[in-house]
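Structures given as structure tokens follow.
Paired with subunit B in one complex and with subunit C in the other, subunit A is shared by the two complexes that follow.
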Partner chain A sequence: MKVAITILAVAALASVPLWLRDPYLLNALITTGIFVIGAMSLNLLLGFTGQLSLGHIAFFGIGAYVSALTSLGFDFGLPGGFRVVHEPWPPILGLVFAILAAGLCGYFVGLLSFRVRGAYFVIVTISFAEVVRLVALNWVELTQGPLALTNIPSIALPLPGFGELTLRTKMQNYYFVLVVALIAYLLIARLVRSHFGRAMRGLMENETLAVSVGIDVTKTLTIAAVISAAIAGAAGSLYAHYIRIIDPEVFAFINTVTMVIMVISGGKGSLAGPVVGGLIFGLLPVALRPVMAPEAQWIAYGGVLMAILFVLPRGIVPSPAQRLSRRRSGAKALALTETGIEERA
Partner chain B sequence: MSEFLQHLVNMLVLGGTYALLGIGLTLIFGIMNVVNFTHGVLYTFGAYIMFIVVQQFGLNFFLALPVAVLAGWLLGAAIELTLLRPLRGSDIDTTMLVMIGAWIAMQSGTLWIWGGVAKSVSTPFPDAPLVLGPVSVSWLRLFVLAAAALLIVVTYLLINKTSLGRAMRATFQDHDTASLMGVNVDMIYTSTFAIGSSLAAAAGALLGPVYVIFPQMGDLAAVKAFAIVILGGLGNITGAVIGGFILALAEELGAGYVSSGYRDAMGFVIIIAVLIFKPTGLFARAERVG
Partner chain C sequence: MTARSVAMTIEQVAVRFGGLVAISDMSFTVGDGEIVSLIGPNGAGKTTAFNVMTGFLTPSAGRVTYRDTALNGLKPHEIADLGLIRTFQRTSVFPNDTVYDNLLIGLHRQGRVRLLDAILGLPSARASERKLRQRASELIEWVGLERRAHDAAGSLSYGEQRLVGVALALAAEPSMLLLDEPVSGMNASETHRFVELIRSIRDRGITILLVEHDMPMVMTVSDRIVVLNYGRIIAEGTPDVIRNDPAVIEAYLGHGAARA
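For the complex of A and B:
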């Protein structure tokens, strides 16, 4: 049943470029798809380990910059008169390096920030993203600062025996984003159903209990952060090669907020949640554009976010665990008192 | 040396308003456990109130400050009553996201009403700065420092010498027990949020005329306020004051001796360093741990 819905949804999404000819809408769908990949990676942390990272855009932006610089080449000086020079490489290698670099950053950020929880974790992650943004803004020699990296080449897919396929049209990019999104979805689905996924959910439900049954909390969280950051880095790389221009504004806090809204409105901890929420909030500005001034759109955006939290705090597609807990509301009340006592202690 | 003295003077002026911002947020964060993303909007709001009263109504500059404090108090109380009170008992992530939604909506509202063009406020102070040996400081900045110091003292007395302050401190320690002792916890929450918001508005009203006023000015102010709260420890007013001055010093020295582009990075670097090496803040007493 669930598999059938997933296949139908993928088939429906795959058919879109065949009947949708409007380039503006197709463009909106491609950028939305890229942000949905970012939202899925955020959901791995927020929905399955319970850690709200508000610096997630940092990994997306690092992926975008690494990928762009790999394919554009760079030349900057180091103290002591050394110069680091890099000749342009094919963009597909940029994607690979984006994934690796973002994953590595995820490792270090995870290692440092998982020492704290709750509000403190949130603030560390925001700070990390802002520091990265300020570096991108001020390290002009490498990143061009506010002048932006321009003329980023499109991704060229190597096809053995047929040479290369450069993704020039919107339709080609649409299918490429769809395929990457599908891979990310299946990877996350596989992960959360594994032993590792159970460990993640275990520590989200009750960290003390998880430790007592032998789950290595820091290791589990760090692995989740690495995978999540790597997927976000891939999304950033897609973004850089599709938009073909990157400036430090990619690190703007509002972009993280967009991903969080996609996850929460869709339903955190549910695999389909970020996809559903992502499509709604990715396309909402498109729907509002003809009827509202840009500032009013953002007012509506904030309003819809608040409304969803008040009306549908579990999201549009609640996770299986949350559906279960609603059915067993008695058991839930008990669990709540227990955690309440534990938090106070 | 004279350059260093000048940085110290600038630090004092900046630190006073940072302390106001920090006190407001540490009260809200400490007592209500709400990560208040609207704090920066309240800062912006205070600055725009200053602009409206002085530039649009042509009223006295010194009258505008209490008006901004009052307006911040009212807006804070309204936010608490409409958004936070119905969510009492929700988890911290939900209230934080609602605050983010309110921040986006209110900031966009500011942009919609007043546009994105930066505004400035004319002040009654002479343009020529006060020169004291190697350092100079404008009269406006001296006034900002004095007003900030006054507001800090008033807040300190409010928290430590009044029955409302005693009830707030009791709620911070244990809201259940405070409620059993007859403290109206709902009223305390609303007052706390309103007082914190009015301090943010005051900081904006004071710094707005020093710099320029634009809709996004509060974003960095909010993060700096978080840095100050983390430096000083949750709910610790003295810590917030010292934290405000430390942040101002770090920014001044960072801008002066490293690179002015990284001035605003100082707050974030401090946040990361403190949370990694001393997560309870620099001035936490032993009982706060855990």
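For the complex of A and C:
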């Protein structure tokens, strides 16, 4: 049943470029898809370990910059008259380095902040994103600062025996994003169903008990942060090579908030949640643009968000644990809920 | 008593919270395969002692040794890795997971496969997963919760949750089990079943240290009893010795009772 839905959903998504010819809409789908990957990575932390990263866009942006710089090349000076010069490399290597660099940053942020969790983690992640934004803004020699990195090459996929396939058309880019999203989805699915995912869940539900059966908190959370950051970095790389221009605005706080909205509205802790929430809130601005003034669009956006959270406080696709707790309360005639005693049929 | 090798040694352990002395100078040993109970009135320092032995608290002085390994400075999960596993006084389950999934989480120590193997779904990882599922089912059967296996652990009755807690601790493959007031809140028949359970745990070769208030239960199940009061040991011995120890009677019942 669940597998059937997944296959149907993938088939539906794969068929889109075959009937949707409007390049504007296809473009919106591609950027939404990239943000869905980011939201999935955020969900790994927020939904499965309970840690809220409010600087998640930093990993995305680092991925974007690393990937762009790898493929554009750079040349900057160090104190003492040294110069670091890098010749342009193929963009696909940019993707690899983006994943590695973002993962490494995830490691350090995780290591630093999981000693103190909860609110401290939120603060560390916000600060981290802000610091990275300031570096991108002020290290003009490397990043061009506010002038932005331009002319970033499109990704070229090496096909053994056929040479290279450069992703020039929207359709090609769409399929590439879809494939990367599927890989990220499967990776996260495997991860959370493994013993490692159970360790994360145990820590989220009852940390003291989890520790007492031998689960290493710091190690588990750090690994989750590394993988989450690495996936966000991959999304950032896709973004850089698709949009082909990036500036420090990519690190804007609103981008993190967008990802958080996608995860919460879709259902944190469920695999499909960020995909559903991401598609809704990625495409909503596009749908509203022709019918509303810009100010009204944001009001409508907020209205839809509040409506979803009011009607479905657990998100559109609740996580398995939440479905279970709903069944639990359904088993008794009278059940205690957060709001009081609720009568059951 | 037959000569046993010593499993755990507690040497001159003291715990102070600021000016408050929770434990002052506590020393005793637990032999391999023994059932030892730690008793004492409320606030005597029993749970504090447990927290020190399992690394949740660092003692102000003294040391704890388990099978020749000093536990000072080890983190709780590292101590768990030595096979020293505890249960908790209040209900301790993963409430939003099924009983079955609770045990799978508890089997963490057995389920360690390389992360990459798990992600790629390699045969070794799948075999390990099968083994874990089998083991989880066995444990559920062993504590008699088959009917509740697929209910959320948080929806179980208090007594059932205690059983899940013990099964969870056993899932971690302890060589020594520390039970913190396991039968509090249980009725007589549940307690009776629990005593059977403790005996069968011991029969598997697992050493048991028990903190409990239920005196009849402690007297039936223990090989040896250590009595704490105001953070110090006031008596130690077999149930028969403890039952007739004037210091113990005084601690529990007050001054006049010793003569009565």
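In the analysis below, the second predicted complex is superposed on the first by the 325 of 345 C-alpha atoms of A that agree within 3 Å, B and C clash if a C-alpha of one lies under 4 Å from a C-alpha of the other, contacts with A are read in each partner's own complex, and residues count from 1 in each chain.
Methods note: a residue touches a chain if its C-beta (ideal position, glycine included) is under 8 Å from a C-beta of that chain, and two chains touch if they have at least 3 such contacts.
This is a predicted model, so every value here is computed, not measured.
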{"item": "Partner chain(s) touched by A:Gly302 [first = subunit B, second = subunit C, both, neither]", "value": "first"}
{"item": "Partner chain in contact with A:Leu52 - subunit B first, subunit C second, else both or neither", "value": "first"}
{"item": "First (subunit B), second (subunit C), both or neither touched by A:Val85", "value": "neither"}
{"item": "When both partners are placed on the shared chain, which of subunit B and subunit C touches more of subunit A", "value": "B"}
{"item": "Which of subunit B and subunit C A:Glu130 touches, first, second, both or neither", "value": "first"}
{"item": "Partner chain(s) touched by A:Val311 [first = subunit B, second = subunit C, both, neither]", "value": "neither"}
{"item": "Which of subunit B and subunit C A:Leu18 touches, first, second, both or neither", "value": "neither"}
{"item": "Touching partner for A:Val291 - first (subunit B), second (subunit C), both, neither", "value": "neither"}
{"item": "A:Ile223 touches, of subunit B and subunit C: first, second, both or neither?", "value": "second"}
{"item": "Subunit C-contacting residues of subunit A that also contact subunit B", "value": "none"}
{"item": "Complex contact set, residues of subunit B against subunit A", "value": "29, 33, 35, 83, 86-87, 90, 92-94, 96-98, 100-109, 111-112, 219, 223, 226-227, 230, 259, 261-262, 264-265, 267-269, 271-272, 275-276, 279"}
{"item": "Of subunit C, residues touching subunit A in the complex", "value": "54, 56, 75-77, 80-81, 85-88, 92-98, 101, 104-109, 111-113, 115, 118-121, 125, 128-129, 132, 151-152, 154-155, 168-169, 171-172"}
{"item": "Subunit B-touching residues of subunit A, taken from the complex the two chains share", "value": "52, 112-113, 115-116, 118-120, 122-124, 126-128, 130-131, 134-135, 137-138, 253-254, 257, 260-261, 264, 293, 295-299, 301-306, 309-310, 313"}
{"item": "Residues of subunit A that touch subunit C when the two form their complex", "value": "187, 190-191, 194-196, 198-199, 201-202, 205-206, 208-217, 223, 321-322, 324-325, 327-328, 331"}
